[in-house]
Each structure stands twice: as C-alpha cells, then as structure tokens.
C-alpha cells in the first residue's frame, strides 16, 4: 500500500477499522479528539457504528455491552477520562471481554495539563480499578508502530478475552509521520462462542458476568484469568533492545521518550560513550527477560520517563539489585531534550557536572 | 553524512502555518525521506497562535520535537518573539515582513525578510501568503522543488482543491523569486 | 378443567432469593410473561443491574449481562447497537437507575435508544440494607436518614417518569404499581406495551413499577402493600406519561 | 360447588401472605402447624370448594408457586 | 475511657468524629455501610453534616468542595466504588486537598464478591487515577489500630495537604473487637490559609485548583508535591517487625491476613520453625527500611496476601534480589487458614509437601 | 457627563482568552455585574468547570474552585454545605453540565441544594474543538456528527430547564439568551434573580444562557448571533420555568 | 496455658444468633479478656441465614475467623449441615432440637440437644430461645456466668431494653438447667 | 450634537463586530487600517457626534473593552 502522512490519532482509527473494528464509543478529550472524529466519519462508511457517549463511564459500559455481543469495539480517551473508566475496565476484565482502549495521555494529577506525559504508567499497568487483574498494554513509539500495534491489539484481545490498552501520549496522538498499512500476520482466533449473538441459539443461555458471590467460585475464576496472564507473559512480551552490548549505561524508555533517548545515543557516541536502550513495547507484560543479560561494562540502568518515575518500579524489579537504577524524568508535559539525557548519563558515569 | 532539516513554522491561526508544515513534510515523504510533523495543540489555539515542528531526514527521526531549528519561519510578530532563540547557530530565520516590523536580534543566525502578504495579494489572494513563503523557503533549503510542493498541496488538501492549484503555483513561484 | 394461572416458562424454575413478600418477584413474572406472550422471550437480552435484583440473569430464561452499578442503560445501548433485532431490556432498582445511573438513564432516553427499561422503585436501597434512596419519601426513615428524610437537608425524591418525559427521545413512559391484583394487571399491560414500542423501533421505553421492600421498610409484607398505596402513590402518581402516537 | 383449584408449591412458599390479601374469598391462610424446609409456615387452603378460580392469589405471589385451575 | 465492643465500620466513624471530622459524603456499598449509617446518626449530634451523594463520584467531588473550604471531611466506599473515585482522588492530590478516604475492600475485578480481599493494593498504592501522585495508605489489622490510625490519618492529611487512604477490608469493617479511644498525640498542624473561609479576607483571592496548563508551571507544581512525598517517606513510614531475628522465613503481610500469619507463627513454633513477620502499617510509603537487616538464617521472604499477588512487587523492590521472594495468596474473598501458611513455609524450607 | 457603562469591578482586569465574539464574555460580565450590584461579589465562590470557561477562576474577582469535568454541582454542594453564608455558583458549559455532569446536576437540583448554576448552552463542545454535545440540534454539524446530528442515530437534544423543573428541589429555572441587547438585559435580570433565590435560601437555582460558538459553528461572530436566534431559540424556548412563590 | 474459646453461632436471621455472639463477646470483654466477633454478611442474609464467629481469649487474637471451633451452636437445620465439619475434634456441638430433627453424624465431637424453643415458650417468649441456648452454653464453657451474660445483654441492647431483663434472666437460668 | 461618547480599549479588541450589530446608529466599524497587538482590526467610531449613548455596544462586547458616557 501507498505510504501516507497521518496523524497518530487518525492512524489509530484507520488501523482499527482495518482490523475489523466496527464499534466505537467515545467522549471528547484533548489530545485524542481526532480519533473519535475520524471514527465518526469513517466507521459508518465501513458498516460500523460510532456513538458519542454521555461520558467516559457511559462509553466504557457501552463497550461492555458491545463486546459482550461479540463485536470488535474500541474506546479512547486521555488520562482523567481513563481514570473514570477504571471501574468499567475492571468489569471488562472480570467478565473477560475483549476490546481495545486507547489512552493518549496528558499530564496529571487532576486536570493537570494537556501536553504529552507518561504519568499514567501505573494507571495502565497496575489495574487502577478494583481487584486482581492486568491488561496488556502497548506503548508505540512511532505512528507506524501505532498502526501495527493497534491491529495486533484487537487480535490479542480476542485471543485472550481481555481488554488491551494502547498507551500513547499527546505527541503520538498529534504528530504526523508516514505510515503504511501492511497486512499483519493473522492469528488463529478462537470462536466467540461465549458472546451473545444476533440470532439466538436455543438452549444455550449466554451470560456476560463478573459477579461471583461465593469465594469458592471467585477464586477459581481468578485463577483461570491469571492462567491466561501466564500465557500472555510467555507469548506476548515485546520489546526492543538496542546498543546494549558493552554499553556503559542502559537506558529504559518507552514511547515518545524512547525517541529522545535515541537522539541521545547518537550524541553520546560522539563523546565515546555507549548508551544502550531497552524499549518495552508491552508495558504489561513488562519485558523482564530483556534485563537478563547485562554486559560487564554496564554500570547502571537509567529509567527515562516523562513522569516523576513510575516504570522505574518495574526496572528495579527486573534489575533485582544487580546495578544501580538511576532515574531521569521530566513530568508535567515537558518532553526532555536529548542533551538532558546526555548530561544525565555523563553524570552517572562520573563525567561532567 | 545524513541529511536532516528541522523547521519550525509559526504564526496566527488563520495563516495556514500548520498546512505549510504539512506540505513540507508530505513533499519530503513523497521524495522518499523520513518525516515528522508535530503541531502545537490545546487552548492556546484559542489565543489564535499556532505552530508546528517539521523534520525531514534521510535517516531515522528520533524526537519529533525541534529544539534547535535549522530554519524558523515566522508569519507574525509574537512568533518571532517566542521562537527566535530556538534556532541553532548558523540557522536561518525567514520573516514575514508584511506583518513583522522588527528585526531579528541574534547575529549568529541568518535572517531574511519577505513581504509575503503583499506578494500574495499581487498574486490574487492574500490567503496564499503561506505559499509565497514556502516558495522562498525551498530556495533556501534545496531538498524540495516547486513541483514537490504542488504535489504535496494536492495530498494535503485533496483533489477537491485542485482548482486552487494555479493560484498556488503562482504564489510559490513568486516566493521563489524573492530569494 | 383449564389452567387459569401457571408458572411462566419465561422464568427458569428455581427459587427466588428475595425476601418473603418482596414484589420484585411479581415484577419478574410480569416481564417474563409479557415477553413470552409477545413471542420475544428467546430473543430477549436482560441487562441485570446491581441491587437486590442482581441475580435476574439467573431467573429470566434468556441471554443476559450483569452490568456495573447504575450503568445498565449504557450496557443495553452497546448491546442493542450490535444486536439490532433482539429485545434488550434492563431491570434496575431506584438506587441503580435514579442515583448513580442518572446520566446513563437520561442519555439513553435522550438518544431515543431503542431499549426498554424496567424500573423498580421501592423508595430505598434494598440490597445494601435500607439506606436512603433518591426516591425515598420526605419523612421516610432509612438507615442513613434515621430521623426520616428531611426536605431541607436531603431534598426531594425524584419522579423519574416525569423527568424523562421531558426528553424527545423518550417514546413511552408509564408508572404502575403491583400492590393489588388490579394494578398487577395494569402493570403487565404497560410492560407489554413498552416491549411493543421497542419491537416497532419507536425508541426508548420505560416502565416504572412501584414495589415494596418490607425488610427495609420494617413492615410485614402485607402492610408494605398498604404503605405503598398510602404513601408512594400520592407522590408517584400512576399513569401513562408518554406513548407513541398511533398511525 | 367449587369452580377453581389452587395448588401451592409448598417448599418454596415464604409465608409472606400476599396471596391471602388477594383472595376475594379469604380462604388462604398460613399453616402454623407446618414449617417448610426454608423455615416458613406455608400458605394453604382448606375450604377449596369456595375457590372461584379467579387467579388473584397467583397474581400476587412473588415466588411463582401457585397454580390455579378452573373447572 | 471505657473499653467498648465496636464494629470496625462504626469504630472508624467514632474515631473520625473524635478527630474532628465534621463532614461525611457517602454512598452505600457493602461491606462498609455501617460507617455512613453511623455518620448519618452521629455527625448531626456533633455539629457536623452527613450527606448521601448520588454516587461515589458525587461523593468524592463533594469532598473536594468541603476540603477546599477547610473542613475535616471523610468519605468511604468499597473496591468498585473506590475505582470510581480515582479521577476525584487524582484531583484532590493535584489541588493538594486533605481528606480521609476509607476503602473496606472486597474481591474483584468487576462486581466480584463482597467478602474480604486485598486486591486493591495497587489501586491504593499506585494512584490508580491519572498522573503522578501517591496517597498515604494505612492498613490497620485490628479495630483498635483502625481507631488509632483514623485519627492519625486526619492529622497526616492536614500536615501534608493530601488525601489519606484507610485500606481495610470486609473483615475489618464487619468484625467487632474491643476498643479504647485514647487521646492520640496531637501534631502541630499548619494553618489552612489556603482554604476558602466562611468570612472572606478581602484581597486574598483563594483558588482550589489542579490545572497548570503550562508545562513549565506543572513541573514545579509536581516537584513541590513530590517534595512533600519525600518528607512523608522519611517521617510517616510505619510498620511492625516481629520475630524476624534468626527467622527461617520472613513473611510480609498487612491488615487482616497479618493476623493469620500470627497464628501461623505460633503453630510453626511448635515445629521448631521460626517465621518472622514484617507488617507494613503504611502501604505507601512502603517500609523498605524494614528489609534492610536480614538475619543470615533467613532463607526467603514470603508475601502473604488475600489477592493474586500485588504487594509482592514492593517486597521484590525491597528485597533487591537478595533472597528468594515467595508468594502465598488466596484471592476472591477467601481468608486463608493459618495452616495453609504453615504448609507454605514448610514447603519453602523444603519440608513437608 | 455620566458613565452609562463601564467595566465591572467584579472582574479582574485582564484580557479574556475566548475567541473573538464568543458570548462567554458577555455572560461573565452579567454574572459579575449581578453579584456586584447585589453586594455579593466579595462573598461569592465560583466553581469553574472544564470547558472553554475553565479559566473563569481567573476572571471573577472572588474565591474559586476548578472542578473536574461535569462535577461542578457536586463541588458546589460540598463547598456550600461548609460555607453556608457565601454565594456559591457554578459556571458550566452544556457538555460539562448536560453530558458527563447530568447526575451531579440533577441531584443537586433534587436535593434543593442552595447554589446557583450558570449554564452556558452553546450546543457544542467548544474547548475540545467542536464535537457534538447533548444539546447539539438535530441536523447541526459537529466534528463527531459530520453529516449533521441524526435523530435516529444520535437522538435528541436535552432541554435542561424543562427537565430540572420536574424536580421539587428546583426553586428557580429560566432560559435566556444574549444574542442582542434586549436579551442581554433580560439575561441579567434572570441571573440576579437566581442569586437572590440563593440568598433567600430558597433552594436550587439555574439560569440557562444560550450562547454562541462561532469558532466551532464555522460562522462569523455576528452570523452566529443570528444562527442562535433562528435555530436555537425555537428548540430552546426562552422563558421562566420555575420561580419561588412570593410570600 | 492460655485460655481460648472459639465459637460459631448459626441459625435463621430472626433467631438472634448475631446477638448471641455479641453477648458472649461483650461478656468476655467485660471480664478482661480479648474478644472478637465476626458476622457473616451479604446477600446470603436475604436467604435468611446468619452466623457469627466469636473468639474469647486471654492471649492475643490472631485471625478472627473460626476455622476449628471449640463450640458450635446451631439454631436450625441448614446451619448444622453447613457447620458440622467446622468443629475441632473433641469440640462440642449444641443443637436446637426444637427445629433440628436430625443428629450430629460425627463421633469425634460431643453433641448436645436442647429444645430451646419450647423452653423459651415456657418462659413466656419464644424470642428468648437464644438466651436459653446461651444459658446452656455457659454451663458447658465455664468462663462466663449467668450474671456476665445479663450484663452483656444491657450493653448490647442498651438500657432501653432493661424491661426485658427479667425474661432473659429466666431464660438463661432455664437454659442452664438443661445441661 | 452628540449625546454620548464611546471609548474602546483598542489593544484588547478582537474585531468580532458584535458591537457593530448592536449599535442602533450604525456608527461603529472595524478599522481595516489598524492591526492591534493581538493581530485584529479594532472597532472604532468616527462620527462620535451621532452616538446617543445607549450603551448597546458595551452590552454586547464580550471583551469588556467599551466604556460609554452620556452628557
């Protein structure tokens, strides 16, 4: 297919439609508005339905209804809107409903600001709703990757009957880059025989439910769900490891900020310093295995985030005490400049400062 | 050595600065280069200013944020005030002198002044001022030609705006002659 | 010998978990009977809400969702948009629908969402043990209005049918009661009509059914019927508020 | 001469008495001598011959345990 | 004062009133209903106001209004209700408003079950709302401790201008134990000169706000907030360390389940096995320092939770790779029996199985 | 020589961030003038909402809150329950109040919460760039209803005053407009009356003000006034819906 | 050796089983012991059954959940079915034989059958059946006396219910004579 | 003979034109020859002598920049 210059938000929409998404329930919020707007234009042309809900809570519960009816369905929002969806996401997980949820995040807490930030890492990876659950979280770093991962996300959702989160930020949503819609490799998807159908099969009553009033029934339900999580942890971990062999420092960074780290890597090369990069593509499951091999030259891990430090918890767990774990973060909507990362690395190495 | 051009376009909301950036990015992409386009967004737009960052490169693009611009294109005065310091030493600043009555104060950059509003008016439509400026821009940075821009125009605005092509052709050409 | 009345096949044959005399049971039956008589039972989709009636999904012999507290109308929306030919209905208490679910209810109505709402108003939170509901009458005692609801501090009960009738998307709204056989018969008529409105794709339909909660009202079941008649009906007048024009 | 016959599914009766209030003939009562497996005194009819088969009791029974027949 | 036999939920209410709480905004949910019920009875007698909100979201935003007006204010709920409050909590953190939020948690995800569970650890400690923030979280293990911590919580909230969470569960809420209302040591509290007052001070416009549209202003705002967090981490960490010296295994457990571990400790003593216990009382800040000294005899840490495993993340971070970190969990509303913990410990030690 | 009109001291002397011709500015002025004239300005508490008017807290010369999207009525409730003698008002758009904030608004009204709601209905989401609002007219184009709002798919706009007037807790409800000087004068009267209702502790008061959004309607400011008059007023009739009885 | 007594009380909702537990716990507390009381809760109560766990100990109480009861008191049949296996070997089961027509099946526990409904009726009020059972209970587990229970009764039900004291005194005494 | 006088705080004018529609005398217009610091053509009055001081323009100005005096 022809290359196109597309805005991240619209690319998400196009990718979703390509992946067979037929329903979208949204509510406006900056910086993701172009996505519902795109869907309102394009979905009807593709035999789908766009509906604007009364709120994020309305939207996520409409997703619950549509997903329970077997539809490929998506919703999107940004940080505070995702916070409002937490109960709904918890229900989707409890009822094992597949869907894709997009967070083009901004800075918080509270109303905060609307510039790109990564302060929703915990919200996305630690199930900020109630109870025991996780959702796969994809963090693309370019529009092309966004497009690829969105398509993947729908398949992963259906394979494991789970909501999947795409965690972008204002920059991913707003920027344009060239994209190509490749035919991604299709998975063999299980039949949705648990879903409500347009035509009822007599005698097989379907129930979409997250209530297990007896602990003796709730526990096995959870164990079943966590059994799937074990498979996801084995099969679906994705990350990129770059420049790590013999690196002086290995940075860990995802999404937007990983691109800044790439610039820093180049700049540091000029000074003869080797900076490696572990870029988690799935934030959950976190790519712990990427940390297994550490070069003897490596003196520290450096978690670089557009936040006050959240992924660093996972980096610490992955590191398991072997090396110092350092942090460089710019929160509040500031995208750090490559030179800041450069300086931090030099500081760690006892260089400049 | 890899080619990379980082540009900031800035001006009032109605001046088409976001489109200028998109056209340059699209043209770069059509020529097989990697590109990124990043707009400002948010309630500041209510104040009526807009800007975007464009990067065109034959290598991988890291951060799409332009921190040290090769070129700054300013269409109104507040934009010059705000972005003058964002240009790398040795970079260029293209100033819409129709609306900006002050001069660039830095002496480690090259500044050029083009009365693009007047030129556009001469071409028949004040709205084409941005195209005039683009015409001048591509003379400064020779990775694009006039035709590339016009091809990108169709991509950005769609076939429906084809009728505007002659006007824009004229405007781009007029801009090119300013340099 | 003919059968005058027997258990509807629209309900699964299992004991109901409700308190003795709780009129939720009557309402269940009316819904099931209506769907069966209209030939819609197999195609029906029940969206159960959170309240004493949370287990309706077990009772109605059709597909079902268990929706989060207050959001049944949104779940029904999502479901009906996909399953356009099925009869989608919610079954909600007054806490669920008229408190936490206010926005979802109002907007499903405003959108003219083609679903049916069975709204059981017992003027209290039953499941959680008798707290004040948005429908609790002024002066009525509840565990969180121990001296009776005070208009000054806690305001006034909401009349849902009247409120939703101001919305153009509401096609059908009627308030009924089940405190005696005559009203039970009327209630069934309204429920049937609501489903017919949905089948005819005429838009949003709601039936508000006044119901008892003897456990939390602190009355025995028969006194509860009387209390409903004497206290609720004056504030919540029975009748039809909106119905699609015949054509 | 009876016109109707009511049958109760006794095990499921909760002794709420709603059927009693609905019966125009006032022939239903709770059997204080019985406790069903749920622990309630179930509803019953002694003078079945007075039943007119109106079905009101069944209409009011919240637990769907009454069947009414008419001759 | 006389000892009383009190239900956890009511004890929370009594303690709050004793601490000067004057406003309570609630919404019913099992298993915390006795708390709003208590408040509706008792607050008016104590010159306060109880108001039942239309929802958990209504309640948390009423808290925002009352806290901004300088009141001592509380709300409570249980797991899914807390999920709904996440955006509100994020706003409270952003606007730096003090209040106390009680979660008598139940099992999830979704509607789940209503029996005691600890699946809300992440929800409480990782700021499940949007953006960068934390809230102090107290996890009492007895009714007496609940009463003491609730009183403390109000002072901590006011000292640092932050919401404080009391994380109990159905068992803490529903059980009765004897309590005494001791006069807790009063802190010197800062003036609430940022709050709106009944009588306006002319010329000093007060603003309660979490919006910082410019990243250059949002970042310092966050740094200020995280500066407070640093102080909290230094001053407010609380935990109990029991039987750890020379322990074969050290269990980590909080709240309800820590009591089960205590029984297990006794039982294991009979078999000559020494089980230690680190009981975090503050879940955030987590008592990392409690893990500093490990006896050479200790072979492993064992995180015991009524969940599928959440606190274990913090235990791993604390452990920093020194010892194996094992897990024993019963989710879904099941309270494990002491013997289960005993067996797990033996299994770890290579004993019975 | 006398001053006929000058800037009210109720507003801080700073430029407004609104688009050219946005009638939010007129409404701000009316609110400030009303409060000043009633002697309530110093005591006023403004609860700003999320929408184009999010920065009202900068403009009104009084204490303020910035509330989360849709929850201004709940924040006002919490505030007023503590600050019983202050004049608490919210300033909310139609997306804020009539979509996400439906439950908070309805319940503040039902409770008869003694606060005043300034409700600016411009039939669109302004701040976020022109998406369909619950008040967008049928046929009206918006970025999420690119072919115009379809009654069949998206339902009907909500008439907030009519809806809230069904609630006993609503003491005062009036819809006004600011599309010409005569209506601006009427709007101010309504706003003043609403504050007086609060001062007299008579309960919940709301003024719905029809407003323009030329930016997102895609019209110039003066055409926007005309569009408002020609299209909004027929669907949203001006007038008083509820007012406390005089005694 | 520390004294600990772990009891389960179970029956229908209206039989006052939660109160029985509270009285034992209160009485224990008033005697200076540590106590805990843990009720069942939730929608199962709609089904009409209720139970509670009580622990009285002169040491610290770990888990308030009674997994291996010293004593089980069952007031109706479903409770016996449900909880029979929850008693430790050597423990006691006190059965309300007025409503339970079956026998305890285990042989590693001691079972006792008291027709407490009839006895309560004889005392003048069927509602006092729980007090009759408590009267029997304290004879089995001698850490409480009749007076302790009556003191606890006042604490649990408040001075307002003082008028019921004579009836309860009678019931407790009658229960005690059953053992 | 003028009855009124209008003053504009020109720098803050956004050239929206609402004042123009409100003026019964139609004497306000946007000055195309001026661009204020915000980039707008500000409103202005030339024939001030026709102003009747009705205040309508100020009533409609969303930016609170008009002061009206009457003699």
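The letters A, B, C, D, E, F, G and H name the chains in turn, as written, and every chain counts its residues from 1.
In this section, a contact is a pair of C-beta atoms (placed from the backbone, for glycine too) under 8 Å apart; a residue touches a chain by one contact, two chains touch by 3 or more.
Predicted model, so just to flag it, every value in this text is computed and none were measured.
The minimum number of touch steps linking subunit B to subunit H comes to 1. Ranked by the number of C-beta pairs in contact, the top chain pair here is A-E. Look at where the CA atoms of subunit G average out and do the same for subunit H: the two points lie 87 Å apart.
Once the centre of each chain is set as its mean CA position, subunit D and subunit F turn out to be 59 Å apart. Note: centroid distance subunit E to subunit G, computed from Cα atoms, is 34 Å.
Per-chain CA centroids place subunit D at a distance of 84 Å from subunit H. Annotation for subunit C: residues 18-19, 54, 66, 68, 99-100, 102-103, 106-107, 127, 134, 154 touch two or more other chains. Touching two or more other chains at once are residues 30, 49, 51, 54-55, 57, 80, 87, 91, 95, 110-111, 114-115, 210-211, 213 of subunit A.
Listed in rising order, the residues of subunit B touching subunit A in the complex are 22, 25-26, 29, 34-39, 41-43, 60-65, 67, 155. Note for the complex: subunit A touches subunit E at residues 57, 79-80, 82-84, 86-87, 90-95, 105, 107-115, 117, 119-120, 122-123, 126-133, 210-219, 221-222, 226, 307-308, 310, 313, 316-317, 319-322, 330-334.
Those residues of subunit A lying in contact with subunit F across their complex are 26-30, 33, 36-37, 40-41, 49-52, 54-56, 80, 110-111.
Residue ranges of subunit E in contact with subunit G, taken from their complex: 3, 5, 30-31, 114-115, 170-171, 174-178, 256, 259-263, 266, 335, 337-339. Listed in rising order, the residues of subunit H touching subunit B in the complex are 35, 38-39.
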